[in-house]
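A, B, C, D and E are the chain letters, set down in written order, and residue numbers restart from 1 in every chain.
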Amino acid sequence: QTGTDKPTDQAVEKITFVLDWTPNTNHTGVYAAKELGYFQDAGLEVDIIQPPEGGALPLVAAGKAEFTVSFQEEIAAAITSNNPLDVIAVGTILQHNTSGIISLKKDDILSPKDMENKVYATWDTPVEKAILKQVITKDGGNYDNVKMIPNTVTDIISALQSNVDAVWIFYGWDGVATKVKGLDTNFFAFKDIDPVLDFYTPVIAASQTYLNQNGDTAKKFLAAVAKGYEYAIANPEEAAKILVKNAPEVDLDIATASQKYLADQYKAEAKQWGYIDEKRWDNFYTWMYENKLISRKLDSQTGFTNVYLPK
Amino acid sequence: MKLIKLEAQNISKRFAGELVIKDINIRLGENELVSLLGVSGIGKSTLFNVIAGVLAPDTGQVFLNGEDITGQAGKVSYMQQKDLMQPHMTVLDNISLPLFIRGVNKRQARAQALSHFREFGLEGTQKKYPIQLSGGMRQRAALLRTYLFSQDVALFDEPFSALDAITKTAMHRWYLALMERINMSALFITHDIDEAILLSDRVYVMTGPPGVIAHEIVIDTPRPRGDEFLVSDAFIGYKREIIKRLSA
Amino acid sequence: MKKLQNITNKLYPTALLLFLLLIWQMVTESGLVPKFMLPSPIDVIRAFISSFSELMQHAAVSLTEAFAGLGISIILAFCIALLMDRFEVLYKAVHPLLVVTQTIPTVALAPLLVLWLGYDMAPKIMLVVLTCFFPMTIALLGGFKSSDDDAMNLMRAIGARRWQIYRYIKLPNALPGFFSGLKISVSYAIVGAVIAEWLGGNSGLGVYMTRVRKSFAFDKMFAVIFLIIILSLLLMKCVGVIERRAMPWRHAEEEKEVKN
Amino acid sequence: MKKLQNITNKLYPTALLLFLLLIWQMVTESGLVPKFMLPSPIDVIRAFISSFSELMQHAAVSLTEAFAGLGISIILAFCIALLMDRFEVLYKAVHPLLVVTQTIPTVALAPLLVLWLGYDMAPKIMLVVLTCFFPMTIALLGGFKSSDDDAMNLMRAIGARRWQIYRYIKLPNALPGFFSGLKISVSYAIVGAVIAEWLGGNSGLGVYMTRVRKSFAFDKMFAVIFLIIILSLLLMKCVGVIERRAMPWRHAEEEKEVKN
Amino acid sequence: MKLIKLEAQNISKRFAGELVIKDINIRLGENELVSLLGVSGIGKSTLFNVIAGVLAPDTGQVFLNGEDITGQAGKVSYMQQKDLMQPHMTVLDNISLPLFIRGVNKRQARAQALSHFREFGLEGTQKKYPIQLSGGMRQRAALLRTYLFSQDVALFDEPFSALDAITKTAMHRWYLALMERINMSALFITHDIDEAILLSDRVYVMTGPPGVIAHEIVIDTPRPRGDEFLVSDAFIGYKREIIKRLSA
C-alpha cells in the first residue's frame, strides 16, 4: 500500500464507471487503479459496472454514470442523432485500432479479397459494412461476394469451428485466445490496409455537462486510470491477476497472454496513455460522413478532448 | 287476526322496463308462518329482496311493527335458497356472522351462537367447515344464522328445496318441533305444495306474469301436525284447492 | 395410503427426468454433439459445485430484487384491484388498458428502465413489478368480481357495511385466485430479475450469466439456468405451503374430494 | 341498446388513454425529461410514419416466425395433450415436468438455440414454440380432463368408441380453453419472435429494434414497441373472431346471459 | 307376470373396499315401468351403472331378453339425472347422437330423430342450442334421445328431479300420455314418492347401507291415471306404505 497523504476531512467522491462488455483486458487499467488504491488516493470511490446490452452512452448523457467505455463510431452516432446525446471522448484506452479479421489457416484468408465466397459473421451495422467494403475493394476484391450471416459469436474458438469462416475481432482478446488455445489462424488488421481505419476503439467517454462542473474530479479520475494502465504496461502478469481477481470467470492464461500483447498497445508510441490524435480522429469522421454513415458533417475536433488527461 | 308484525303494501317492481311483480299486498302476523307459492320466475325472490331492503321497489312500502322500513336492509332476517355458508369460515363463525356484522365482540358472539347448537341439532360441528356437513345440517346451520340475526321476523327463500325428499321430510319434522319451542314470525317461499300445506298457517298463491297474489288459503289444522296429516282428507282438500288456483 | 400415492405420483416424473438426463449424458459422451455446444449433465453438475459460492452470492441479489418486486406488485395489485372493484368507472377505464399493457414486451423496456432509474436495484425491481403486477391484479380482481351475488345480498340484508363485505366475502373469495396468481408470479419474478440484470450491474444471476456466456463457459451457463429453475420451484413450493396455511378450509375440501 | 353500450364501454379506456398520452406529451414538452430519454408521443408517431415501410417489412418477418411457431405449438400441444389424456402413465410422468419447463427462462436459452439451430428462422421459431407450447397444452389438457364424467358415462352407455368420445365430448369441451390459451399465446408468440431476433438476424422487428437502439433513435424504438402492441392486439382480436365462428353455440349462451 | 325383458341377479359392488350395494335382484317386464326409491347415496346410480354396462359388478349378472349382458355397454338406453345435452351441438344433433354413434349416416339420423319431434313436443327447436330451451323441453329432448337409442329397455336416473314442481307435474302428465302411445320398458330412479306412485307399475324400495332391496310394492291402479289419482285414497295408501318401508 502506498502511504496515504489524502486529507481525511475531504469527502470521498463517488464515480460510476460503466464497461462496454464483460470485464476483459481492455479494462485492466481501471481495475488496477481500483485494486492498487490509486482511486482511493485521489479521494475517489469508483464503482465498475457491467453495461446494458447496446452500450451505456445514454446513461452517461443522462447523468446516471460518470464515465463509460465507448467507441469513436458510437460517439459519432450519439452526437448526430435526432436528439443528440451530450457525450464526449476524454481519452483512448488503446492507441491504435487492433481489430481485424480472423480465420482458420485452412481457409486461406490472408488479405481482405480472400473473404470472397467465405462465410462472414456480421454485426450488421452500417459502419462495419462500410469498413469491410472499403478494405475488400481496396484489396481488389468484390464485397458483394462475401456470404454474410448474422453474428451471434460469443466464443471465437467454437465459432471458427462451426460454419463461420471469418469473424471481426479485437486481436488483444480473441486473437490471443485462439493462440493460447492452439488454433492455427490468419489475421489481418484494418489499419494495415487503410490508415483512415486506424480510428479510436475503445475510448473513455463522459458528458460535457459533467466535465464542465467536475473538471477537477475528472482529471483526478483520469490520472488514476492512466496510472493503472501504466502499471498494466509495466507488470502484465500482475495486472492479469488483478483482472481475474475481479472477474473470476476470466481465463487466467488468456488474460496473461492478452496483457503481454496489450502492454505494447495501451500507449504504443504515444507520449502518454490516453492521448487522442486530432488528425486521425477527424479523418475517420470525414470518412464516415463521406460514406453516409452519419447524417451531418462534424466540425474538426468534435467529439473528443485531451484536456482532462494528466499532463 | 294476530298482531301484524310485517306488512307489504302495493309493491311493484320492474326490471329493464318489464313489470315483474305488481301491486303485491301481504301481511304476516306474530308467530305466524306464511308461505308464498308460485312457479319459477314469477317474482317471489324479487318480492323478498324488496322486503329485506336489498332492492328498492318502484311503488309500495314495507312496514315492520308499523314502522316504514322500505329500502332499509338489516331489519328482518333473510335466508336464501342456497345455504350460503361461507366455505372459508368454520360452522361456528358462519353462524356468528350476523353478530360479527352487528359489531358484537367475537368471543361473545361465538358463545351466543354456540348456546343454540343443541337446539338446532348442530352439536360437535362448530369447528368443522361447511363442506364437512350434510345437506340437512347445513340448512339447519343457515336457519340458526337467520334466527340469530333476528328472532323477530324472518324471510325464508326455499330453505329446503336443495334437499332430497327423505332429508327434507326429516327437516320438516324438526322444523315443526322447533316452531313449538321458539317464537318467530316467518315468511316462506316454496315450490313444494306439500311443504307449504304442512308448515304454514296461511298460503299466498302467486300467479302471473306479472307476479300477483292470486289467492290466499288459510290452513287451520291445529299444530302439532304429525306425519298422518300428510295423508289426511284435510291435506288433500288444501292440495286440490292450491293446484286449482295455481293452474288458473 | 395417501403417502404411498404421493410417492408413486412422484415416481413417474422422476423416472422420466432421470431417463432424459441419461440420454443427454449419452448424447454428449458419444460426441454426437460437440461439448462446446452442449455440456453434459455431469459437466453442469461439476460447474454447479465448483462455482457454488459465486452462484449463491449472485442468487441472493436476484432473490432480493425478486422479493422486493413481488412485494410491491402484491401491494399495488391489492390497491388497484380494490379500487377497480369498488368503482365501476375505474374498472371500465383501467381494465382494458391493463390487458393491453400485458402485450408490452417488458424486456424491451428494460434498457429504458436503466436509463430512467439508474444502475442499482431500482430498474430491476421495476421490471419485476411490471411483469408480476398484471397477473396478480387480474387474479385478485377475478376473485372480487366472482364473489357470489347471493352471498353479498345476504350480507347486505344483515346490514353489513362495504368493508365488512370485503372482509368476510370478497377477500376470502379472492384468496385461491391470489395464490395461483402468486405461484405464476414468483417464477416470473426471478426470471424478470435475471433478465433485468442482463442490462447491467455488478451482481445478480443475470450479470453472472452474461459473464460466463461471454467467457465461453456454457457449463456454468447451464448451471445458472438450473439454479433459476430450482429457485423458481422452491418458491412455488413455498407459496403452496403458505397457501395451505392461509386457507385451512381447503384441507376439508380436499379430504372430501379424496373420499368421493 | 347493445351497440350503445359497446360505445360507452370503449369510451372510458379511450379517454384514460388520451389523458395519459397528453400527460406524457406535456412532460416531454416541458423539458422535465430530456428528449433522448423519453421521446414525446408526437415524436413517436412521426417516427412511426417516417419508418413505416421499414417497420412493415420487418414486421412481416417477425409475424412469419410467430405464425410458424404458433402453428407448430398448436399441433404439438394437440398431440401431447391427446396422448397425456389417453394414457394416465404419460400424464403422471409428463405433467409435472411440463410445469417445471415453465420456469425455464426461455430467453436465457435463446443464445443456445442460435448455437444449435443456426442463424435463420429456425431458432426464432423454436423460441416461439418453447414459449407458446406450454400454455396451449395445459389449456387443451384442462379441457379434456374437465369433460363431464356423466356425459362420458352416457357416451359409453350408448356404445361410443374412444375416438367418438373425443369427437363429440372432449374436443368441443376443450375448445373454450384452447381459445383462451391461444389468445395468450399469440401475444407471447410475437414477443418471443422479437426477443429471439435480438440475438441476430437480418430482418425482423427485433433486429430493427436493436439497430435503432444502437443508433440512439429512441423515438423509433418506441415506434417498434407500439407496433408490437398493436400487432398483439390485432392478433388477439382475430383469435376472438375465429373463436366466435368456431363456437356458434356461444352466441346462444351470451344472449341468454344478457337477458338474465 | 309379463315377459321379462331385463333382470339383474345378485348384484354387489364395492368402492374402495366398502360395500355399496349388496345382492340386488330386480326384474323388469315388457312395457312395464318400475321405480327404484331410496335415499341419497344408497347406491341407486351405482346399480344403474352396472346394468348399463358402464361399471363391472363384483358379483352378479345382468340379463337382457335372457341374454347375459353383464359389463356390456350400449345394450340398454340410459338417461341420467342431468339432461346431459351437449352445449356445443344443436338440439337435433344432441338427440341424433346415439344414431351417429351407432354409425347411421348423419342425414338419415337427423331425419329419423326429427320425425319424433312432434310427439315429444319439440317442434321448432331443432336448430336451437340446448341453453335456449326451458328445463322441461330439455328433459323431453333427453327422453327422446334415450328413446331413439333403444325403444326396448330404458334406464332413467331421476329424469325429472331438476325441474320445479309445476313443470314436473306437467312432465308427469305428458309422460303418462306418451306411455299410452309408445312401447318401452323402463326402470326409473326417483327420490320423489309421489312421482314413483303416479308413474310406476311396481316400486322397489331400497334401504341401507349397504343398499339392498327392502321391499317391492305393486301399484295396480289402472292407467290412464289422471290428476285425481294424486288425491285418491289408493294413492294415500301407497304413500303411507312406502314412507313406512323407507324409514324402517
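The definition used in the following text is that contacts are C-beta pairs under 8 Å (C-beta built on N, C-alpha and C of every residue); 3 or more make two chains touch, one makes a residue touch a chain.
Worth saying up front: this structure is predicted, and the values here are computed from it rather than measured.
Colleague: Work out which chains are contact partners of both chain B and chain E.
Modeller: Chains touching both chain B and chain E: none.
Colleague: Hop across touching chains from chain C and tell me the fewest hops that reach chain E.
Modeller: Minimum step count, chain C to chain E: 2.
Colleague: Between chain A and chain E, which partner chains are common?
Modeller: D
Colleague: Measuring between Cα centroids, which chain is at the maximum distance from chain E?
Modeller: Chain centre farthest from chain E's centre: A.
Colleague: If you tally C-beta pairs in contact for every chain pair, which pair wins? Let me know.
Modeller: C-D
Colleague: Would you mind pulling out the distance in Å between where the CA atoms of chain A average out and where those of chain D do?
Modeller: The answer is 41 Å.
Colleague: At what distance in angstrom does the C-alpha mean of chain B lie from that of chain A?
Modeller: Whole-Å distance between the two chain centres: 85.
Colleague: I'd like the Å distance between the centres of chain C and chain D, where a centre is the mean of that chain's Cα atoms.
Modeller: Between these chains, centre-to-centre, one finds 19 Å.
Colleague: On a C-alpha centroid basis, what's the spacing between chain B and chain D, in Å?
Modeller: One centre to the other, that is 51 Å.
Colleague: What are the residues of chain C that contact at least two other chains?
Modeller: Those would be 37, 111, 115, 213.
Colleague: When you check chain B against every other chain, which residues touch at least two of them?
Modeller: Touching at least two other chains: none.
Colleague: Pull out every residue in chain A that's touching 2 or more other chains.
Modeller: Residues 53-54, 58, 62, 154, 158 of chain A each touch two or more of the other chains.
Colleague: If we use the touch criterion from the header, which chain pairs count as touching?
Modeller: A-C, A-D, B-C, B-E, C-D, D-E
Colleague: If we count contacts the way the header does, which residues on chain A are in touch with chain D in the complex?
Modeller: Residues 53-55, 57-58, 61-62, 74, 77-78, 81-85, 124-125, 148-152, 154, 158, 163.
Colleague: Over in the complex, which chain D residues touch chain A? Could you list them?
Modeller: 34-37, 39, 111, 114-115, 118-119, 198-202, 207, 210-211, 213-219
Colleague: Touching residues of chain B toward chain C in the complex: what are they?
Modeller: Residues 49, 52-54, 73-74, 76-78, 80, 82, 84, 86-89, 97-98, 100-102, 128-129, 131-132, 149 of chain B touch chain C in their complex.
Colleague: Can you list the residues on chain C that touch chain B in the complex?
Modeller: These residues of chain C touch chain B: 148, 150-151, 153-160, 164, 168-169, 172-173, 175, 247-249, 252-253, 256.
Colleague: Can you name the residues of chain D that touch chain C in the complex?
Modeller: 9-10, 12-13, 15-17, 37-38, 89, 92-97, 100, 102-105, 107-109, 111-112, 115-116, 187, 191, 194-195, 209, 213, 218, 221, 224-225, 228-229, 232-233, 236
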